Structures are given as structure tokens and as C-alpha cells.
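Alright, structures below, take your time with them.
Look at the two complexes coming up: subunit A is in both, with subunit B in one and subunit C in the other.
This part shows the complex of A and B:
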């Protein structure tokens, strides 16, 4: 084949440009730390990258939801424990009052304390978390009980707040007021007297009458309420437990998925730099050889 | 005659002339080393007609003569080059434009669709953990605006791009006409030269170069046809260029191409008044390859819909975006979605089924659509005005939404605190049952034919990625093929400096030697005339 000067120059140019393209590819990889800059560089990596990014973003959301659920349930759990403490104190006082050695003054003192406990109980029923009443079901802007212990709102069992903590995995975070303060009932109408507060009322009435037998009769009711509170508390505990497990799993998932994401789209820096150096050497060699080849012709020797 | 005193000087003079023409040819070649399309020329030289000696001693040579200057060219390679250049032009354009399309989608990145959609759902989740909080509601509104703006911006960029390509198509048609014009003029000139038996080497090179350029633009066939015999007995050759069988250049006549603004859009997604390319005489033009085909395919290609090419161009990607926002808005607003993949659309809770935050016991569902579109003034449309567009037909209503005009409704825009309706019952600020239904939809694999919202966009991005990769491969192949043919052509027709230098030396010596011959005869004659003097 006849080789002409233009052929040499054209070939050299196209070789240099190919070589420079590869240099630029690895340079981009090193600078961006990403394997690809356009989907067409590798459509499979690109579509996997999109999928994994979504997965990671979702796990992050679920982690935040779990954190929020944990805070909500923590305040619920603490409040229910306080409620239980109040009930235990009321029980102690009641047992004390029922043992038949109390003077009317003692009875009056006990009654006064029970009244305080009732007020405290109503306050606990109206506990808020960042401005929201935690036992009011969906009506989080409204208090649950009035000062007498009547339900201010209609509350029902299906007013459960579900937080999403995984794909298709919901957890209910709230305890509905009727469950805790009305003996585990499914729903309660507005204006109904809370059974738990009713027990306090009965106790106060019995203390007022000074009838020790009547006071003693209330103990059974108090025990029923305590039993109910403990049932709710253990349910909350079980859910908190589940949240903790989910939280751990999400932490693991997060690590795994970010690892996968990195493996999919991040470049191995050492490898990229090596490729770059290699291509740069090729480019330099091509330049040097090219410069030598296209220069000399007969013209240089004809003088 | 054979004894003529000056016969030798005549032969030597012919030698001088031949060497001179040779040097001139070398000079011409060297001067045109960098002229695009130039073919090297060689001297056609032969021994001059000899003289028959009357005394029976045979023929006496009379030196050399130049019979012409020939251009070295392989016509077969020209045809081959032009066939391949058409596809090189087409894929060069497609590759560059597909890269531009991918940049518009901006994926994978930290600011593309994926991020925007993730953040939108993230804000829905945040709202679920604090449903009555005005700031989480305001945040959701902002994220929704971001989502709609993403689509508006991508659609606007597609439109700019379609418009730009349309202008380029106009320019390319003008370029084709102008090249055809120049070729027709050259044809006339070449014909006039050659009719008298000459060869118009350099004009032919110029024409060849223009035809090469034309071949990149559109599918052409270029050939010389015989129109019969000239009076001098030679073939009457005329040069013709055809596009899909119809002559663009017929010797010195040109049939022009023209651009006509379309009255009816080819695709619903197109911008108005795109140019249709046709023959100026009204005939239909079939563009099969070349840059023009590349531009037309990217501008019009809608997977073969509406008679467009099977290529996936701007209308295809616009349609995909529109389909997305329509289905997404319909599902999100109305809660119409196929839950279990049985092909039947179920009516679950959508945003219209929700109650306002400040609703009171006894209020009915607010019926507010979260997503609507911009009205003709560019303002978000209210849910009610939007509903009127359909005239009772929900599908029809959503057909008005495009990626370009996709927006949140004016209600949400003006008062997100109250008008984001996520409660399934009136007067319950902590109720987010509707929101749960909306969040659930994200993982519904039947929301789109392609799956969930992410799957849908992933499919589109993979599609543009694969097409881009394919275009890159085609371009690389085509570049290699074209370059190889061009190299072969260069190998035949290119100027080699070494070769020219050798010829230079060769002709220089021939000239010197011929001059020496004259000097020798001069000396002989000097002896004869001056020294033998009486």
C-alpha cells in the first residue's frame, strides 16, 4: 500500500484522539469517583444505581420513622408507668384505709391524697408530646378527659396511627384513650365517664362515708384497673421491642445497601489512577512517535 | 531530413519541455498537499512519433512528448466512501443528540428525578409522623413543587432541543441546496472543458469533494451517465446525483429541497410548526440516511407512532414523561389504581377523598386534587377548574396534563396547612389514613405498566442509556469503516512528499541532461560553423 503524508497525519490524529479519549475517561473517573457519567456509559450500572439510590433513600426514611415512633412510644411508655405508679399508690392507701384502725381524720387525709391522685391521673391522661395529646386517638388537638374524668371526645380503637417502618411494614405507635382509661373498651362516646376515674370516684365516695367495708370493696376494682394498665404497658413494651429489632435491621440494611451502591457506581480509585497512568504513557509515546514520524521527508535530505 | 543539422536540438528541446511539464506537475501536487479532495496528478509522457528513414535503416526516435496530465483516482472507492459517509453522518448526529438527551434527564445524579421523587415521598413520610404540623405540611408542598418543576424543566428542555433541531434541519436543507447548486455549476464548467477533449482534473476534484460533503448530509447516489455521442465521437457524459431515485442534480439543473411548516402536528407532544422536508416541486422526499435523517429521527421519532420512524427521539421521551405525570396525578388525586394486577382499576383513598385539617364534624370530604396543571396564564389551576376540563370524564381530564404544565393545585399552593387532605374523617387532625394510602401507592407494582414510579423512570433512563450506547457503537464502527476507506482513497490519490521529491530530482536531472544535449549540439555546431571555416 502506498503511504502518503496525509495518511500518516490522519492516522496519527485519530490515534491520538482515541488515546486522549481514554485518558479523559479515566480522568473523569478519578475526579468524580464514579464509574459512569452518563447512562450510556453503562446502562446496567445506571439503572442499578437508580434502584439502589431509591432503596437507600427509603431505608433512611424508615430509620427516621422508627426514631419518631420510638420517641412517641417512649413518652407513652413512661406515662403509662407513671399511671401505674399512681394506681399502686392509690391501692396502698386503699388497703391502709380498709384495715379498720383509721380515725375519721386519717380517712379525710387519705381521701385528700386520693383526690390529688385522681387529678394527677387526669393530667396524665392529657399528656402531650410536642403539642399533641397522645391518648386522644386521631383528635390529637383535643384533651382526652375533663376535670371530672369524662371523655371530652369520642375515641375508638381504630384511631391507630400507623408509621411505615419498612415496605408493607406498619407499626401502630399510639395507645387509644378508651383502651387505657375505659377498661380496654373498643370505643367510647363523648361525655362517658372513664371507668378508671370512676373507680377513683367510688373510692372517694367510700372514704367519705367512712365505711371500711365499702373502701375494701374498691380494692378489687383497683386491681382490675392495674391489670388493664399492665396489659397495655406490656403491649407497648412488645411494640417497642419490635421497633428496636427493626431499627437494628434497618441499620444493617443501610450499611449493606450503601455498600452495594458504592460497589455498583463508585470507581476503585487505585485502579482508575493506574489506568489513567497507563493511558497517559500510551498517549505520550504516541505523541513522541508521531512527532518523529511525520517530520522527516526527502526534503530534509535534499540540500 | 535525418541529416538535418538542428534535429538533435529539436529532440533536446522536447526533452526540456517534458521535464518542465513534469516539474510543474510536481509543483502543483506539492502545492495541493493540504487541499481537501485533491488527487495527485501524474504526467502522461510518451516517445514522440518517430521518423521512418527512407534509406531503410528503420525508425528514428524524435524524443519525448507530453500527452496529458492524469488525475489518479479510484472511482469505486468514491462510491464506497459516499455510501458509508451517509451512515457516519446519521450516527454522528444521533450520538451527539442522545448524549444531550441524557444530560437533560440528569441521571444518575444528586439532583435528578430519583432524588426529587425520593424527597417528595420522604416529606410524605415526615407528614405521617406529624400530620397536624403546619411546617411539615409546608415542607410537603415545597417538595411537591420541586417534583412538578423537575418535569416542567425537563419538558421545557426537550422543547428547546426540538426547536433547535428544527432550525438545524432548515439550515441543513439550505446547505444541501447550496451544495447541489455548486455541483451543478461545476458540472457545466467541467462539461465545457471536456467537450473539447480536455480533462478538467482540478474541477473534478472540487466536485468530488462537494459530493463527499453532500453524502454526509443525505442519502445520495452520484454517477456519470452517457447521454449519447458527441460530434467528435466521444461519449457525452453528464453527472447526476439522485436522492431515493429522484434527481437532485441533473447535469446543470437542480431540483431543490424545501422546508414547509407543518399545519398538523405529527405527534401530540411536538411543538407547533415544525418543518416538513420535501422536494420544492411538491414531491415526497424519502430521507434514508445522512445527517438530515439523524436530525429528523431525533426530532420526530416516536417508536413508529403516527408514521414517525421507529427511532426513540424527543417525542417518545416527551410522551413517556407525559404518561408518567398523567398516571401519577390520576393515582395520587383520585386513588384510582390497580391494586392487585388483575387489570381492573380499584378506587382506593386518594387525595380527593381526604378531609381538610380544619374540617369540622359533619363536613364532607374536601374533594381537592393535589396535582393539577397550569392554566393559560401560567398559574396553578384550582381543583374545580381542572375538573371542568374533563366534562365528567376523569381520563379526559388528566389527558390535559403534560410534563410541561404539571403543577400542584392552587388550593395546595395557597393554603397547604388546611388543604392538604390526608384525614379520612372530618375533625381528626391526627388522622392520616389517606396519606397512608398515598404512601402505599409508591410500592404498587401495577401503578404503571412498567411498575412503580421508580421502575417507570428507571425504564426510561435505561432506554435512553441503551440507545445512547448503541449510537456510540454504530458511530465508532462507522468512523472506523469510513476512515479505512478514506485511507485507501488517500493511498491511491494522496500526495506523497517523498514521491514528489523523487520526481523533482528525476525531472531536474532530465532537464539538466536535455540542456546538456543542447550545449553539446551547440559545441558541435560551433566546430562545424566556426572552426571549419574557409
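This part shows the complex of A and C:
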């Protein structure tokens, strides 16, 4: 083949530009620490990167949801435990009142305390968490019980508040008032007397009458309510456990997915630098050789 | 035996011709870096000897011709490869621009904005009454709208720019063909005068090289020096005349252009080359606003209800009448553009009424239907009634819902009716019994609903949601083609349209914080077009944060709707062909497609560049100027010239001897 000067120059230029392209590619990789910058660099890596980023963003949101669910459940759990304590105190007093040794003055004292407990109970039923009534179902802006223990609002089982803690994995975070305060009922109408408070009213009436037999009869009702409270409490406990498990799993997922993400798109720095050095050497060599090849012509030797 | 003076002439021709050859060498060297220059060679030959008086007399040398060293076969190869390179470069540039507009996956593109949008709804689901979170939802929705409109604007701008490049390309073709025609005149004149217009040849060949980058040309060279240029079978240059290409809009109201032969008005196929690549990168589609080809989602549906009024349907007509609103309200809540038509049929009569989008009239018309008895009517009559009436919008999605308790009956060939239906893109669904209808329904992609259903209101809702789902499927199913930007735009708009309409549907199904029924969250800027990139705004009512819908009831803590909207991202609301996908997967597919097109074009550009370089090398190896060679020639001709002068000297001395030294008769 006949080699002409322009061929030499053109070839050298195109080779230099190819070589410089590769240098720039590795330089970009080192600077951004990413294997690719555009989808066309590697479509598969790009679409996987997109998917993993979305997954990570989702997991982060689920983690926030779990945290928020946990604080809801925590406040619910403490409140129910307080309710149980109140109930236990009421039971102790009732058992004490029914033992047949109490004077009318004692009975009056006990009644006064029971009345206080009732008021406390109603207060607990209207507990708020960051301004929201926790037992009022969806009507978080409305109190559950009035001072007599009547439901101020209609509450039903449908008003469970769900948080999403995983794809297709929802958890109900609230305890609906009718469940706790009306003996596990599925729904109550506005104005209904709460069964739990009703038990208090019966007790107060019995104490007022001074009839120990009647007081003793209320103990069974109190036990039923305590049982109901414990049932709700254990359900809340079970959900809290599930939240904890989910939280752990989400933490694991987060680590796994970020690891996958990094594996997918992050560049091996050592490798990239090595490639860069290598390409830089090639480029330098090509420059040096080019300079030597292009310079001399016959002109240099004739004159 | 030569005579003295002829030797002198021979030597002079040597001097003269070698001097000429030196000039050619000089011309070569001075054009070393001239683009398109072909090296020339002085071909020296012996001058014709003469036979004089029984003797051959040599008359020295002559310059036979000054030849260009060029091979038109190699030119052909170079031009073919350069043509393909131009094509792939144009495609690659288009897709690269698109990639940077989308900004995926390493920078904050649409995906991360969507993520934030969905997450805002998750937050709202956790505290539906919080105004802070509501402000967050609005701000994220605003960001989404801004981003979508911005992408839309940039993509439109990109198409515009490419379109302008096509126009410039066409102008460049015209300027080149004009110059070629002018050179044709000069070359033909020179040849007629027996000159060798080598440098004109070079200029003309360079022009053809440049033309090949733009468009696929066929080149014919006539022996008398003319060169004809053909594109797509039409002459752009024929001898001394040239025909312009003009950029003509490709559809009414479209500013997208195609190359058309001036005066003839014929659109030509540029074959390959930069112009073709640009056209495909832009999309060979109508650029008119709202063109479905160029990405506007087709949310129109043209629904015909065909109600059988024969006595067999008598038990069910009332059910249909009671629940027809359900169907219509599904179309409405899905945000579709609709056109309703009612066809009734029983023995002997068919009525056909078009209600347009007047739902009230349609519903009351259905409600006032009475059974008129008689047997079943031929299905073929219904088909011809439906297929015969004009669709309300160009290319509307068409549906036929047959309500009949009777078996399918036809007098003609059922296959003919089916092919009429499929040809007109009409999907048939039947509220009836299985009898016979299955074949029609299967062939057109519809379904059979049980006419004896107990819960008619949910049955009619189902028919409605199925229609809406099918419209969505038709929107999201984007056929593969060579068009780049228009196709990607189609997919993006399909996603945007379907997602925003779904969000709107859910949003409208709930209640605001102050207990009012929810309105649409996203609205169109230009109501004549559907929701698409560049045509989205947040509803003005959203200025009041209370009007963001989180609840399915008027209770403040109700988070049902917020939850549903947050969960949309993982619902299979996108259907492409027969594959159902979530929004995220659909978007990832778009990015994968973009990446694949970009990757493919880049590889083609790289390999094509290698081929062009090889062809150019091949050519340069023949036609290029080699300095070494020219220096060699310089020496060669210089010595030849020197030697010829020496011969003159020698002859001179000989003559001197003869004239001055021999004989002294005269002295």
C-alpha cells in the first residue's frame, strides 16, 4: 500500500482521539465513582440502577412509616396499660368494699375514689397524641367519650388506620374505641353508653346503695372488662412485635439494596485508576511516536 | 544518422517536458493539504518518431497527458460508508440529547421526583389532617408538574431544533447541487476545448463527498464530462440544470418537514444519510399539536351500545336501565373523552342515534327503551350500522357493547363481520350469554359479561372499568419503530397521562379536609388536549390545602384515599401489549429503550467511523500526495532537465567545433 502524508496524519489524529476518548471515559469514572453516566453507556446497568434507587427510596419511606407506626403503637400500648392499672385498682377497691367489713363512711370513701377512677378512665379514653385522639378511629379531631361515658361519635371497626410498611404489607396502628371501651363491639352509634364506663356506673350505684352483695356482683363485670383490655393489649403487643420484625427486615433490606446498588453502578476505583494510567500511557506513547513519524520527509535529508 | 539540429530539438523537448513535470510536482506539493485534491502525474512519452529518408528520426519526448490518479470505485465505497455514518451520527446525536434531557439514572430525573411524590402521599396517609404534610404534598405535586412540563418543553424544543437542522440540511443539498451543475458547465466547456479540467473534477468530487453525508445519491458521469446526481430516483442534477429540494410540512398544521422535489411536489426518500437520520430522530410523524403519532395520548373512546329489544331480553332491560349511569360515570371518573351512540335492534328495525358526549340524553334514551318484541336480528346489520357511522375524532378508540339475551345469529359469513370489526379497530363486548358470542368477542379482544348477573350495578361498573382499562392499554402500547423522540415521547406521555388520571380518579372519589367531595388534582392547561407533558397544571383549588383529598369519608383522620394514591406506584396500571406493569417498571422500560437505542447508535457510529476511515485510507493511498514521492520526482525531473541542458551544451560545442574549427576557407 502506498502511504501518503495525509494518511499518516489522519490515522494519527483518529487514533489519538480514540485514545483520548478512553482516557476521558476512565477519568469520568474516577471522578464520579460511577460506571456509567448515561443510559446508553450500559442500558442494563442504567435500568437496574433506576430500579434499585426506587427500591431504596421505598425502603427508606417504609422505615419512616414503621417508626411512626411504632410511636403510635407505643402511646396506644402505654395508654391501655394505664387503663388496665385503673381497672385493677378499681377491682382491688371493689373486692375490698365487698368483704363485708366496711362502714358506710368507708364505702363513701371508696365510692369517691371509684368516681375519680371513672373520670381518669374517661380522660384516658380521650388521650391525644400530637393533637389526635387515638381511640376515635378516623375522627381524630373529636373526643371519644363525654363526661358521662357516652360515645360522642359513631365509631366502627372500619376506621382502622393502616400504614404501609412494605409492598402490599399494611398494618393497622390504632385501636378503635368501640373495641376497647365497648367490650370488643364492631361499632357503636353516637350517644351509646360505653360498657366499660357503664360498669363503673353500676359499681358507683352499688356502692352508694351500700349493698355489699351488689358490689360483689360487679366484680365479675370488672373481670370481663379487664379480660377485654388484656385481649386488646395483647393484640397491640403482637402488632408491635410485627413492627419490630419488619423494622429489622427493612434494615437488612436497606443494607442489601444499597450494597446491590453500589455493586451495580459504582466503579472499582483501583481498577478505574489502573485503566486510566494505562490509557494515559498509551496516549503519551502515541503522541511521542506520532511526533516522530510525521516530522521527517525526504526534504529533511535532501538539502 | 541524425542531423545536428534535430538533436538540439530532442534535447529541448527533454528540457521542456521535464520542466512541465516539475511544475506538476510543484502543483502536487502545494496542494498537499488541499481537501479533496487528487494527485496529478505528468505522463511523459516519446514524441512520435518520424521516418525521413529511410531513417527513423527520434524527436525526443512529449507530455502525453496530465493524469489524475483517482479510482471512482473507491470513491463509491467511501461515499456509501460516509452516507451511513451521517445517518448514524444524526440518530446518535438525537438520542444523546434526549438522554441528557431525561437525566437518568445518575442525576435527579423523573424517577426521583416520582418517588418523592409517592412518598409525600405516604406521609399524608400517616397524618391526613396535618397542614404541614398537606403543604408537602402540594409542593411535591408542584415539583412533579413542573418537571413533567419542563421535560415536555425540552423534548418539543429538541424536535424543533432537529427539524431546523433538516431544513438546513435540505438547503445545503440545494447549494451543493447548484455548485455541481455550475461545475458541469465549466468541465464540459474545458473538455470541448480539449483541456484537462483536473482541478474542477476535484472540486466536484469533493462536493459529491459532502452530499453523500447528507443524503443517499446515485452518481452518473457522462463521457462528455457532465455528472448527473439522482436522489431516490429523481434527478437533482441533470447535466447543466439542477432541481431544488424544498422543505414542505408533512401534515396540515404541522411544522415538521419532509424533503420534496421542487415543482414536482413529490416527497423523496433520502435513503440513508444525515437528513434521514435527523428525520427518524425527530420522528417521521405529524408535528401538529395534539397529534397522536407525536405522543399525545389518545384518550378518546367511541362507545356504541347495541341493545336488543326482542322479547328474549325483556327480563334484563330494566336492570340495564337502572345501572347504565354506572357505566357512564366510570368513563367520566377515568377522565376519558367519550362519544356515546345507541343502536337498538329487534326484528326488522335498527335505530342509530349519536349522543356525542351528552351523557344525560344518552342515559334517558336508554331508560326510555321498551321491549318491542320480535325475534333476534342479524348481527351483520348491527355491524354495518356501527362501522358505517363516522367516528367522532380521528382515530378514536372504538367499542361496541352488545346487550342481548339471544344467541348470535347472522345470515352472512361471520368471519366477514369479524374482519370488518377488526379492520375498524372496534372492540366488541357482550352482555349476554355465551351462546355464539365468544368467537366475536375473542377475535376483537373484548369479553362476555353475564346478563343474568344479580348485582347489575357492579356489572356495569366492571364493563366501564374494562373499557377504560382497554383505552389505557391502547395508550401504553407503543409500537416499535425507527422513530426515536416521537416514540419515547409517546411512552412518556402514556405513563404521565395514565398516572395522573388515576391519581385524579382516586382524588375525586374522596373528601377534602373540610368534608367536601374532592376535585381533580391535575388539570390541563389547554383543555382541547389531554393530560400530557407540557399540558399539566395543578388545580387552582389546591391553593387551599384543605382541598387535598386524603379521606374516603368526611372524618379528618381517614387516610384511605391517601393510602390508595400512595400505593398506585406498585399497582399494575400500565399495560403494554399483554404485559401489565407498574408505573416504575414502565418508566424503567422507557429508560432501557432509550439506553438501547443510544447504545446501538453509538456502536454503529464507532464501527461506521472505522469503515469510513478505512475507505478514506484506501482512497488516499491512491490519490493522496506523498511528499517523499514528490521529492523523489523533483530530483528525478531536475536531473533529467539538467541532463537535457547538458545535451544542448554538448550539441552546442559540437556545432561550435563544426562551424568555427573546421575549414578555414572563409578566413
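One rule holds in what follows: the second predicted complex is superposed on the first by the 303 of 303 C-alpha atoms of A that agree within 3 Å, B and C clash if a C-alpha of one lies under 4 Å from a C-alpha of the other, contacts with A are read in each partner's own complex, and residues count from 1 in each chain.
In the analysis below, a contact is a pair of C-beta atoms (placed from the backbone, for glycine too) under 8 Å apart; a residue touches a chain by one contact, two chains touch by 3 or more.
Just so it is clear, the model here is predicted, and its values are computed rather than measured.
Asker: Clash or fit: subunit B and subunit C on subunit A?
Answerer: Once subunit A is superposed (C-alpha atoms), there is a clash between subunit B and subunit C.
Asker: Considering only the touch criterion stated at the top, classify A:298 as touching first (subunit B), second (subunit C), both, or neither.
Answerer: Both partners, subunit B and subunit C.
Asker: When the two structures are overlaid on chain A, which partner does A:32 contact: first (subunit B), second (subunit C), both, or neither?
Answerer: The answer is second: A:32 touches subunit C but not subunit B.
Asker: Just subunit B (first), just subunit C (second), both, or neither: which does A:270 touch?
Answerer: neither
Asker: Once chain A of both complexes is superposed, is A:220 in touch with subunit B (first), subunit C (second), both, or neither?
Answerer: Touch partners of A:220: none, neither subunit B nor subunit C.
Asker: Clash-wise, after the superposition, say which stretch of subunit C runs into subunit B: 253-261, 361-369 or 379-387.
Answerer: 253-261
Asker: Can you give me the overlap between the subunit B contact set and the subunit C contact set on subunit A?
Answerer: 1-7, 10-11, 14, 36, 38-44, 46-47, 49-51, 53-54, 57-58, 61, 64-65, 68, 130, 132, 136-141, 159, 161-164, 167-168, 170, 265, 297-299, 302
Asker: Can you name the residues of subunit B that touch subunit A in the complex?
Answerer: 33-34, 98-99, 102-103, 105, 107-108, 114-115, 117-118, 121-122, 125-126, 128-130, 132, 423, 425, 427-432, 436, 439, 443, 454, 457-458, 461-462, 464-469, 471-472, 483, 486-488, 490-492, 494-498, 501-502, 505
Asker: Can you list the subunit A residues touching subunit C in their complex?
Answerer: 1-7, 10-11, 14, 32, 34, 36-44, 46-47, 49-51, 53-54, 57-58, 61, 64-65, 68, 130, 132, 136-141, 159, 161-164, 167-168, 170, 265, 297-299, 302
Asker: Note which residues of subunit A are touching subunit B in the complex, please.
Answerer: 1-7, 10-11, 14, 36, 38-44, 46-47, 49-51, 53-54, 57-58, 60-61, 64-65, 68-69, 72, 130, 132, 136-141, 159, 161-164, 167-168, 170, 174, 265, 297-299, 302
Asker: Which stretch or stretches of subunit C touch subunit A in the complex?
Answerer: 32-33, 95-96, 99-100, 102, 104-106, 111-112, 115-116, 118-119, 122-123, 125-127, 129, 551, 553, 555-559, 563, 566-567, 570, 584-585, 587-589, 591-592, 594-599, 601-602, 609, 613, 616-617, 620-622, 624-628, 631-632, 635
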